[in-house]
Every structure is written in structure tokens, then in C-alpha cells.
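What follows is a single structure, written as C-alpha cells, with notes after it.
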């Protein structure tokens, strides 16, 4: 059934209680503190892919555990002065690909930093950043959702979210960037990371999560059997005695909890027929979001959401916000 | 089986006899002559989608039958003087979408004209151009492959290919374009149209068809049951008495025949596991292609072909060709 | 889930408010008036397919816009005097095929007129009638559901329903037909057309829509993703800004609205597991139907509904009605 | 791949050696002799389904083991004198349904006897004839293909083919039938039974098997995994030690062997993309067929074969044969 | 949707009214009385499959109608004295296979009797027991669910459940078995048979049905379209006039009704995402179960349920029960 | 097509040239030498899962890199003296589960050591052994096939195969084991590991690989798109520039190369319809196998191969070999 989730009316009011561990903030403070203890060492090397209207840089910086994280930085050639910067996170399975995969924001006049997702980048866009866990990896279901899932300390997204917070710091350091104007965005997993950063970095200028993943995990596993949430379900189907432990870990990484801590203006989007990131999991985060917020609802769309209609909305939203 | 077609060795030598009607050139000369009898009336209206590093224009011109065809023209903001122009044709089912869907070539420093495909644009990217057949449309299988298929005169692609030839003429007219440097490109259906234009317009500067569709129809229907070739098979499955008539019509629209008439340098690409546009149908066109040519072979790829690896190849190919 | 829609209890009471434009009747009066302004010019040419117990005629008449619509007329050989006539409309994608595809009603002793559906007839039974829109066809999703959908004036079913009303007029003209005894019937799309005719032609003798399509469109798109309703959803998924316009057009073509205007006795049928024409969309029409009515409910059936069990019911229903 | 079998050229020459047990004729002579030892006791009871232009009879006769086999007999109302009779056998899973399911041949002027297939008739058309094996049924894969498959004596089709031979004898007895003019026909399983009867009953007037099933079993299981041949493969996948025994049994029931014994004129049909009854299995029977023969080849068709195009061919073929 | 049935809260309270014919007990008393009128004639023949730590016997006994039913008996080599015996019934489509398919209970120190399921054993594990109905088999949908379904007297499971009751009697007779300690168990169909035996044999020591099939049929057909319940739905879809008769028969074979008669301690298991045996059908039986009972709930599991986690639970449950 | 690979005749002669790097033996000698430099420290802790006829031990030993590898050891309770030991490796995605998952060989009178596969054990049977790469993990396709695939040094199976060699050494150390009688076995991935061990450990007594995976990788990716070989193809589809590097790495891990070094007697099995481990990849290893060898061919089986028919063959084969 196309409308397999709550009705739009119900969604707009859907505010489920948050599953939040008492040491949530502590956990993240400690995690980020440790990461920041290592100098970020951001490098921007010019690289030529034949794009004559855009300056392109191969970016490297120290993320979680001081490990090297890759990215691209694109700068529109004509623009001068301090420019706002959009930091973008990537959907599940993809890597940073090439700069030509990321032309929207430089064409729109912004500096654009795209962060590679560690370990990912072999399912659609190629990635260049290894994942380097602190310890041996417990048995996991294929994919990244259950890597290290038996503890928040070892969980994969602890590393990714830390990388992402660091990416924002990289952007601020770039000479031509207006460091008060860092915008975070991304779709699906990129949207989930966007929410995490919005919750963890108080001075982000705006957040634009599209059809965000990594929210309201338990409900997600109960109403969809699409990838990638299914990885969690599959893991629980085998490790029948570890279900509680799994969801205890995930409570440290739930977009709903990050949303409740965010302060910057946000533009969300959602597809009412999205069986990858079901609308109730998106609205759970949206309705808990603590900053000023808007959401664009796409009635007949699945996980593709608003597509480039939404990109236009985002450009407009950002232009407006910056012109205010 | 992933390798369901000929082996690479066989593909490289695969030169099937061409099914070519004796009045092929006549048919196309007359068709284009008629179209050109109507003034092209190209209009370029500036339109703002928030892209501050690219000039964007809403394009309209008279295509087949003097009907209005839409398109986008993108011009990189910094560039001056006469600039080469890439004319792009779109894959099956898609329309011109928005300018943000087409940022590669302006970012690479080219003027970029994207032609809407009449009637299409409701399957992935939205389109804005109606299809206006001369006469009533005979019963057809859903889609565009069998619209008017009982005669070359009424066949849908007669109108599309004519539009495409006209689009090249539009590009030449644009003030900032270097009219000796018109490059045609496109993937899948866009690749098929690219071949048609390369065969019909002698002075095109270069052609870059990716995983081209609309080639070697009969074999295609015999070795793949993927969309969109399947539309032809389904039609023939119902209209059992019209199989010969169908393929007689298609012989006027076969990329293999256009390839044999093309003269400009070409860069092809192919995926060896492509069940949408099987490799033997691509190599049939490539091996018959009469101009200087290269092909990039992607062994483990399906219809996505080289993806942005191939875009990089195309940028390099073009930069080299223009710098010679 | 097999029972994906309302329960039978709920279905029997399901009377959703009608989405009905204020100029609904006007629209149809004008449409039919225009059509009737052109002489119907019905032709019945004997044609031999080897059926020695049935007289078969190739029928042609002027439908919407004065365009030629094809059909078959079958007359049982033995019968004399004025005979009731069953006018049948065809399911989505099919055309009139051959007379041997339509032997039920002549075998049952009725004259039988089968109307070809313009443009259709390439998916299962072959069709012979072109579709001739007044104007260019806006981009559409493959199929017929979204052809011209941006305005009631250009919408495909405006032409089809008008053809169908004219087909009834053709039947009345046939010499051996008892013109007071015109019965309309059809399954799926044919059922939807049946409802339209029942609502538009006051003196039809009886209507027998089976598992009718073309009813309660919005709900249909929300609870099923089966073809052909999915064509509407897919269109809306791409043309995200035209959803309201689409459903505004469809309100002129909704079987629910036609049902509310019908007066003749009706026999409906429905399959409770039908995901093509979900039971709530059928009951919406049935419960709004304004004439005397019965419905046969098939609990374990999908879109095949009652199959030939229902054909027997229809024969019985008609014999009874005529014998009264 | 749509063309998954031999090419048409190869098919036309395909004459694989026959797997034929030395006591094949003995086996069948004994089987039929036993069956004929029991009086056939054919009963024709008029039954009213509202068909006013056809006389319909509920038929019962003694088939294999003296068990009651059901059928329908339809007689066109207008016809007089001795009339040829078409005996029809039904596709796999179907039963005799209702007379309205079988109107072609009476409409074409023939008497029509439709034989129910014992045990079948719960997959599409309902059946009314139980299957009554002589002994307990060994474990079998769901369906009918492996019922009793461990010996020709207990195999299901021994009973069915015997019923079919008896059905021809029933037709000959019917008063209005011209007993020299018994034609056998059927599609798929019905085509396989048709071949069996053509091989077992020397004086049948003509045979018209469409896309026949039950031919060249071993090859079938090797090139298709479609139902129903897959039932044999699945059985062999479990009973790994009984593969030879299975094919030894099947050699008594192979349409290829019956074809080699047939004498009457035959019209075959085949779909080149048929993955249910692959073309090489059909051509194996056709090329071994010992009587005068023609075959209609449908290039773009799967198991639906020629559909009603073929029905028209059959009517023409029969009219011609009878008029000679 | 993974949670397609009631919520766990609702499931725990789900106590639907029982559909129980008034002569239920009579029917079964008579059935068993008839069966017991024939001497059971249990034979245990040593058979060598190379298992040097287990004694293995090929078992044969008289089941329903005095027909020979096969089984295996495994006895752990080291154990002495009277030993409890686990009698196991097999899932749908499987047969007794080989002793190596059944090593759990002998390894755990129990005697183990595995009963072959008549007619089954060609879908995964091979079977060796024919099904021998009293009378001819009415048309049935492929499989065993609708064999003889038009009357409780001829229904397939009448024979199977009777065999199972007899198997318990066989176990009691085996010299080394402690006849007060017969435990019945099985998964899916084996679980359904387990419930039947628990309801029909008062002195069974314990019952351990896993994800039981054959419970609450009507609801099952309404909320799942998975095999094997779908066989019933498919049958009803064809035999549209026999739906009530079908469910009247099934009421004699419903695990819910057997559960309400059971007295021994039971350990159930259920998967909350099981679309083969939906949780509400399992809880319907569990909640009606009249003896002491426990249930293990596996949240993220489908029909595999608890797998070997549950086997460990069963071993523990049994050890505890026996040690009490 | 069920027979999608070479014919049995061709398979029996299929001896493709080996892709073998010149430092193959060096690589493995060094790898094993390093591993053996760390004391194996095998621990066998009794653990109670209620199996009263089998002694069960939780095994831990130092595998690759000195990392802790888990396993189970099962000892039949009645047996005395030095007993042969079967070391078993597990299929892809599974872990050691519980001892009750592995009862065959103790029931047959052997000691049985089951090795956990590092990192795996979340797809069907649960695993308990983490994977601990030496370095950060490059981007990989979900699963284990491409973990570290850019170099033989970092490739995942380097660690697994080393663990497996060590597991044999563990078995030899166990007090009750006859250290001259170590047999290695496993199905699918377990079969691939079996081949690796047979090639790397000269004094293994026998090897019994069933439907072995990890053989003849390149051909596998060309003729099947089933998991898990597809992981390699998917990786190559994204990392289009690393195809040669991938297959260069895999040449160090190809069962074909290990087979050519093996000396002990071997019993293989293969399913001719196996699209997971296509028969030509199995026969490539079998035909290159350098020791005495037999193969059981299962004609109608897919990846399940001989199932327990093959287990019986293995028991017989082993009993015979040991009794010689």
C-alpha cells in the first residue's frame, strides 16, 4: 500500500517519546573532546578534473581517532570575498565520487565541501576513505548499520558523526569561507548526519536534511523491511538475545535526539510513500526539532523525495536566509 | 548470466549487415527540408533558478512540423568570447527537468544546450514539450517506442530526430557560441539521438554517445526483455501480423545506419553487462561508425555504463580535441 | 496482506463525499452536444471469420470529434425480431481483437456490440482505432491514464466516454435491435466506461459494471500501487507541482460522480482482494449509485473478480430483467 | 534472454533421437484394452446456463478404470445433419469451467466436446472430476506432474490420456456427430493430450495441438525452470536417487513418441519465446510427427502463442480440410 | 510492513471466538476408534547410515485406514533404562529424510521418533509414505491443503492427524521408552500436528509447537498470501461457490479447537514477523490453550522463529519438566 | 535457464589455465610463518547446552595475527581412544551458532571441531569472533568479499585461511584426537576454505569440499550474478579503474590454485544448476586437484547440492578411507 504509514494529519502531530540515554550529552562531549585533542590538519590540494568554471580541491583532514578523512571542496570561479559554505554528507553506500558529482552549490554561488563517508563508497559513488575502528569488529550483518553495534563506543556512526563535526570545522578554516555561514545538508544518510551535526554543533547557520535516515530506529524496523534499516532487523533476527543491547546503542545515534538539541533554522523534506525512511520516522525528528523549521511534503514520492524540486527549495531557502 | 551477449573479442569484430531501406537518405532529406521550411524562431529567455555562477535561459524553438520545442541553455558566468557548445539529448522517459539537473558542461566551461524530448518527461525528470503528431495515433503499446510505428512517416522518432537536428541549428545561432564547435552527446536514448544527429548533420564537431539506445532493433528484441526495447516486442506479441512492417519502419531510425553516415570524431561508451542496450547493439553501431572513433568499455557495468568515470573521459576527450 | 482495504462491513457503508466540480453536468452536456453535432454515420460491414452460427459485422462510427471508431457487432444466427443489445466496453490496454473474442452474448441470444477503445489494443487484444487528440499531447506517463491530464478538455477519457455514449446510439440504430433494450457492460476499464454511460445516457436499460476502474481516483492512488492507477501516481511523483491540477481534472471523470446520476438497474461485482481496482473504490461508486442495484461480492478474488461465475450471474440478471 | 532456445533455423531441423521404451506400444495397448473392457456409458444431460443460441449438455462417461469423467457438449442451435465434432483438452490446472468458457467451436458451426481433466480444475477454471488412482499415491511434488511418477503404471497421465481416448469415443457416439470427423485440439497440456490421442487413435480426422506441453521432458527440465515442468525438476532435486526412474516413466508419456505414431493431418503452433513449453520441445514433437503437418510460428510470443490469431488459423484449417 | 499483524499487546489478549462444529469431538472419537480397530503392528528395523553413536531404526506402523506409515527412531547409544521419547512431526512439504536430519533429541539424551507425513516429502526432505485416500480425490489446488477439502471425512489432515495419534502409541510401545513421558513437538505444520495430538491424546507428557500452522484458517487467509495458506485462498478463488463448505471442513482441523482441549504443559514459540503462520493465528491457539503454557516471542523473526535459540529453550524446558 | 553453464561432458574436461602469481607459495609461507610465530594457545572449556550424549567444548585459539578465534568441539560420549577429527568450516554469512547446529559428526562417531568465521555470523547462524584487520579498511561493498581487496596482504580471506590452518593445528592438539586423522570439510565458503587448507597443510588426512565457493573468481563473476560473487562485481562496477587490481589480489586466494597443491584424498560435490557456485568453477578446482579424488554430481540441484544425500556419501567415504 503506497500510504503504509500514518496519515499526513497524524504525522504532523506525531511526537513519540524519545528513547534517550541519560549520558547522551556526556557521551558526545567526551567523543568530540577526544577527537579535537588531535590537530585537524586540514589540507586542500588543487586537483584538475577539467572543470574550468570551478576551482576544485582534494581535501584531507583528521576525523575520528585522528584518521584521515577525504573530501572535495568546490569554489565557484567568479565569486570573491567571504562566501557561505555548504557542507554536504552523502547517502548510504556512496562515497565522494568526483567533483562533477557535486556541482549544485558552486553553480549556485556557494563554496561546497563534500565529506567522504568512511568505509563507504562501493555501492554507487566511489569512496576514498578507509574506516579504522579502534578495535576488532564483532560479527556484523553486511553493510555498515551493525558494525560495532553492541556498544555506543564501538558503533560505526560514532566515527562518522565525529568526522562530520570535524568537517564543519574544516569548512570554517578555509580562507574564502564566511565561517559564520556554514550550512549542513544531505539526503537520506546525509540527512541523518546533518541532524547529528545540527545537534552537536551549536553555531551551524542552517540545516537542510532531506528524507533523513538514522531516526527513530525501532519504529523504522517495525514498519519497513527496506534497506538499509533492514540490516538492523536482520542482525536482530540472528542475534535474538541482543535486541535490547542493539537499541540501547542506537539511542545514542538517533536523529530524534539530535533534533531535540538543534537550534539553527532547518528545512526538512519528506516523501509520504518513502519506504526507505518512512515518513513517521522523519516527522518524529521534525516534530522534535528544537529550532525554527519548515518541511516540504511530497505526497506521491518515495525515497527520491522532492528530487530537484527540493534542491530549488533549498537554494531559495538559503538565499532568503542569507539575505535577511 | 551477467555476460549474456557476445564476448568482448566477438563484439570488437561484430559487423552485422545493415538493414537499410533504399530511400533512407531521401526520407531524411525530405523530412529535414520540410522542417527547415519553417523559420526556427529560437528564443532564449533568462530565467532565475538561483544559480549565481551560471547564466540560465529558457529556450524555445520550432522543431518538427514547426512545433515549439523547449530546452535550457546554460552559460558559465566567467567565460568570454566564442565558446564551444555541447548539445545534449536526454534518456528515455526523462524531460529537461531544471537547469540544476545539467551542470556538468557549464562547470567545465562550455555552453550547454539541453533539448527537451517531446511528449516525454513524466518518468523521471519532468518535461515541458508536448508531442504533436500530424495525424491520429494508431493503437500503441504504452510508451513512445511504438507511437506511429506502422510507417516511417508517422513514427515518433521521425519527429524527435528532426527536433534534434534543429537543436543543433539553434545552438549555432546563439551569439556566444562558436558555431564550428557544436558537440552532440547523450546517454541511452540521448546516445541514440546523438548518433542520428551525427549521421544527419555533416558539420557537427564531435559526437559522444553513451550506451546508445535505438540501434540494431531486431537483435535487441531478441536478446533482451528489458524496457524500453520490450515495448517493441510487446507490440509485436499482440499485432502478430505486423512484425515485418514494424521492423521496416525501424530501419529508417536505426543508429547503425546513422553511424555509417557520420564523419565527425566520436567517443562511445558501453557496459558489457548492459541488458537495456546490449553491448552487441552498441558495437554494431560503433563498428559501422564511419568517422574517427574510440570506445570506452566498462566490463562490470550494466546500463549505468561508465557513469561519471565516463563524464571525465568525455571532458578530457573534448578538451584534447579542441586543443589540437 | 490479502485484505488490504476496508472490511466488508465497512465497505457496505462506505459513502465518501464526492469530489465533484460545479460545472460537471455542463462540461458533459457541452461535450456530448459537440459530438452529436456531427452525424454518426454508423456502418456495419459483414465480415467472415468462419463463424457459421453468428453473423459478424465490422462496425465504424463517428465518435468524439467526428473520428472513426471501430467495433464488432455479433448477431446470433437463429434469432428473429427485435433483439436486445449488449454494448460492451473493454479493459485497459485491450482492443476489439476479433469477433471470436466476444462470443458470450450472441451465444446467449443477444445482439452484441463491442466498442474498440481508441489508441488502446496493443497490450493484450489488438485494437484498430487511433486516438486523435484535438491538440498536441503534453508530456505523459506511458499509458493512457495521464494523456492530456492537465485539463478536462484535453483528457483522454473525455474522448473515450464520448465514444461510448455514441456507441449506444449506434446500437439503437441497428435494424434488428430493440432500441429500448440497450444494456451496457464491461470489466475494469470497461466497467468504468459502463458507469460513465449509465450516468450520461438516461434511457439505458441496464448497466453491469464488473470490478470497475476509473472510480475514486485519489483513494485508489493512496492504497494501491498496481497498474494502471499507478500511472497517475508516477506522473504526480515527477510533476510534483501539478497534483491538485491532476485531481481536479479527474473529478470530471470519476465513476462515483457518474454513479450518482445513473437511473437504470445495475449489477455490480467486486473482488475483496482486488489490488487493481480496490474494493473501496468500487463500493464508493456502488453506494453512490442512484438506480436500483445489486452487487456480487467475491471474497477470495483479486482483479479477476467473479470470472465466469459472474458472467452467469449477468446472464441470469438480464434474462430476469427482460422477462419481468 | 527472450530467444533462450535454439534459433528458428535450428528448430526447423531439430530431430533429437527419441527416448522410447521397447514396450511402449504394448503398454498402451494393454492400458486401452483394459479401459475399453468397461462399457463407456456416455450420458448427455441438457443443462441450462442461459445460452439461447447453443444447446448445452453435461457429459459423463467412463474413463480410465471405469471412473466417471465429466465434460460439456455444445451444439450450435441452427445446424442440422451430421456435424463434425471438435474434442478439446484443457491446459494444466484448469477444469471444464462452464459452457460459456467454450464458445468458439459451436459459434463456428461445430459440435464441441470439452473433457474435464481429472483432479485438475482448481487453479483457473473449476473442474468437476476427481482423480482416482488405483493405489496409494507416493510422495509427490505439489501438482500433477509427479503423481505416481515412479512407474508408468501408476503415473497420473496414464489415466488422463486414457480418459482422452475415451472422450473421442464418446464424441463418435453422439447422435448428431459425424463420427468420421472427430478433430482433437487443445493448448499446452491440452496440446500434449492432443498429441497422445493422435498417436493412440488411428482414425482421428485432424489434430491441432497449440504450444504443446508434455514433450521432450528431459530437455524441457534442462532449459526452463517455469511451471509446470519445474515440478519434475523439483521432485528430482529432492529424490536425487530416482532421476533415471523418473525419466524412464516419462518416456511412456512423451509427445515426441506419440507424434511419431500419428497419421492424421495436424496444425501445430509455437511461440519462439515460450519458456513454459520451450520451442525446441515443440519442434521435437513437430519434426517427429508422422502425418501431414503445418506449424504456425509466433516470433514474439511466449506461452500465449498465437492466441486468437491461431484460433482463426485453426478455423480456416478445419474449414479447408473439411471442404476438400 | 514487517509488523503486519496485531501488536504484541493485542496479540497477548487476542482470544477470538472459536469456530467449532457441534460434533467435533464425535468426529474425532469415531475417526480414532476406527483407526484403532486395526492392530498398529509397529515394526522397528535396525538400519545403518554410519551413525556410530546413535542406534537408528526404520519404523513402520499402521496409521489411518490401516495404511503403513514410515518413521525413524533414534536412540542415543550410551543411555540405559526407560527413556523419555520425543515424537516429532514435520513441516509442510518435507518427509522423514534420513536419520542424520534428526540428531537433536538423541544427542540430548532422548529417544526420538520422527513420523513421515503421508504424501509429502518431495519439496525439501524426501518422504517415503504414500497417501492413500479412501476415495477418489476431488479437484484440488496443487499441494495438500485442499485435498479432499469438501468434507471433513475426506480431508487430507484427517488422515495425517490420525497417523500422528498412532505415532504416539507407537512410541509408547517401544521397549526402552518411558511410556509416561511422551513429548510431542514440531515446527510449522509439525506444530499444527503437535496441537492436534495434544488435543486428542490426553496423556501426552508435554507439547512443544513452534510457529504452528493449521490454526485459525479463515483469518490466516485474510492476512497472508504466503504458502501454504494461500492454497486455500486459491482454491476458494476458483471454486467461488464453495467457500463456506471449505471453512466448515477446516473447523474440524483447527489448532485453536485442539488447543482448547489440551491439558499437558506446552511451550510455544512465535515470530512476530512471520507471514507464513501469522502471529495472531499462533496466539489464537496459544490463548485458547487449556493446559499450563509458556510462549517464546521472537520479535525480528519471520517463519524461522527462534531457530536453534528455541531448540535450546525446548531442551531446557524439557529437562526442567522431567526433573521436577 | 537451469543449465546455464557448460554441459556435464564439457565440465568433466574443463581445465582452464590457472591465474597464479609467481610468489603465491612465498606469500602463503610468509603468512603462515608469521601466524605460527605466535603460540596457538588453544583452550577447550566444557559448556552445557543440555546435550547429554555429546561432550561439548567452547574452543578458543590464536589465529591470524594472534587474534582469538572461537569454535566448538563436540565429542561423542561413548567413544574411547584416539579418534579421528573432522574440522569443519562454515558457509558464507554464518557463524558457529550453537553445538546443536553441528551434530552429524559426533553422532557418526567422530570428534568434530567447528571453526567460527571471523566477522561473519549475522546472516544465518550467529558468530562470536570479531575480525581484526591489521589496518584501516578501505571502502568496501557490504559483505566480506571485498574487505581489503586492493592487496593480498590486507584481503579478508588471508586472515580466514590462516585461521583455518591454525584450526587444524588445534584439532591435532586435542588429547583424544588421532592427529594423523584430521579431515577437513565444509560447504560453499566452507568448501573453499577446505580447499585452501588442503593446499596449505600437507598432512591433512582427507578433504571433503561441497559446492565450493572461492574458486575461479573471474569466470564466476561473468556467469552468475548471485550473491556472494556479485559483491566482487558490484565493487568493480563502482571502482571501474581497479578491476585488474581486484583480480590480481584474488589470484592469491583461488581454490583452483590451492587444489593444484593438495595431496590428500578428496570427495567433492557439485550441483549442475548451482548459480551461487557455478559448476564450471567447481570443476575448475576439481580438475586441477592434485590428489586422489572423486566427485558426486547432482543434476537437478542448485546450491543445496547433494544435501544430506551427500552427507551420507561423506560418512561412507570417510568410514571406507579409515577402514582401508
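Every chain is named by a letter (A, B, C, D, E and F) in the order it is written, and numbering of its residues begins at 1.
In the analysis below, a residue touches a chain if its C-beta (ideal position, glycine included) is under 8 Å from a C-beta of that chain, and two chains touch if they have at least 3 such contacts.
To keep track of the chains, here are their UniProt names: A, B, C, D, E, F = Acetyl xylan esterase.
Keep in mind it's a predicted model, so treat the numbers as computed, not measured.
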Labels of chains that are neighbours to chain D and to chain E: C, F
Distance-maximising chain from chain A - centres being C-alpha averages: D
Same-site or different-site touching of chain A by its copy chain E, using the half cut: different
Chain E-chain F separation of Cα centroids, rounded to whole Å: 37
For chain C paired with chain F, centre-to-centre distance based on mean C-alpha positions, whole Å: 63
Cα-centroid distance, chain B relative to chain F, in whole angstrom: 50
Two or more partner chains touched - positions in chain C: 125, 234
Arrangement of touching chains [line / ring / star / complete / other]: other
Touching chain combinations (by label order): A-B, A-C, A-E, A-F, B-C, B-D, B-F, C-D, C-E, D-E, D-F, E-F
Sites on chain E touched by chain F in the complex: 49-54, 76-79, 97-98, 100-101, 103-104, 106-109, 125, 308, 311-312, 315-316, 319
Sites on chain C touched by chain A in the complex: 4, 221-225, 233-234, 236-237, 240-241, 243
In the complex with chain B, residue positions of chain C that touch it: 67, 93, 95, 119-133, 135-144, 146, 234-235, 238-239
In the complex with chain E, residue positions of chain C that touch it: 1-3, 273, 298-302, 304, 306-307, 309
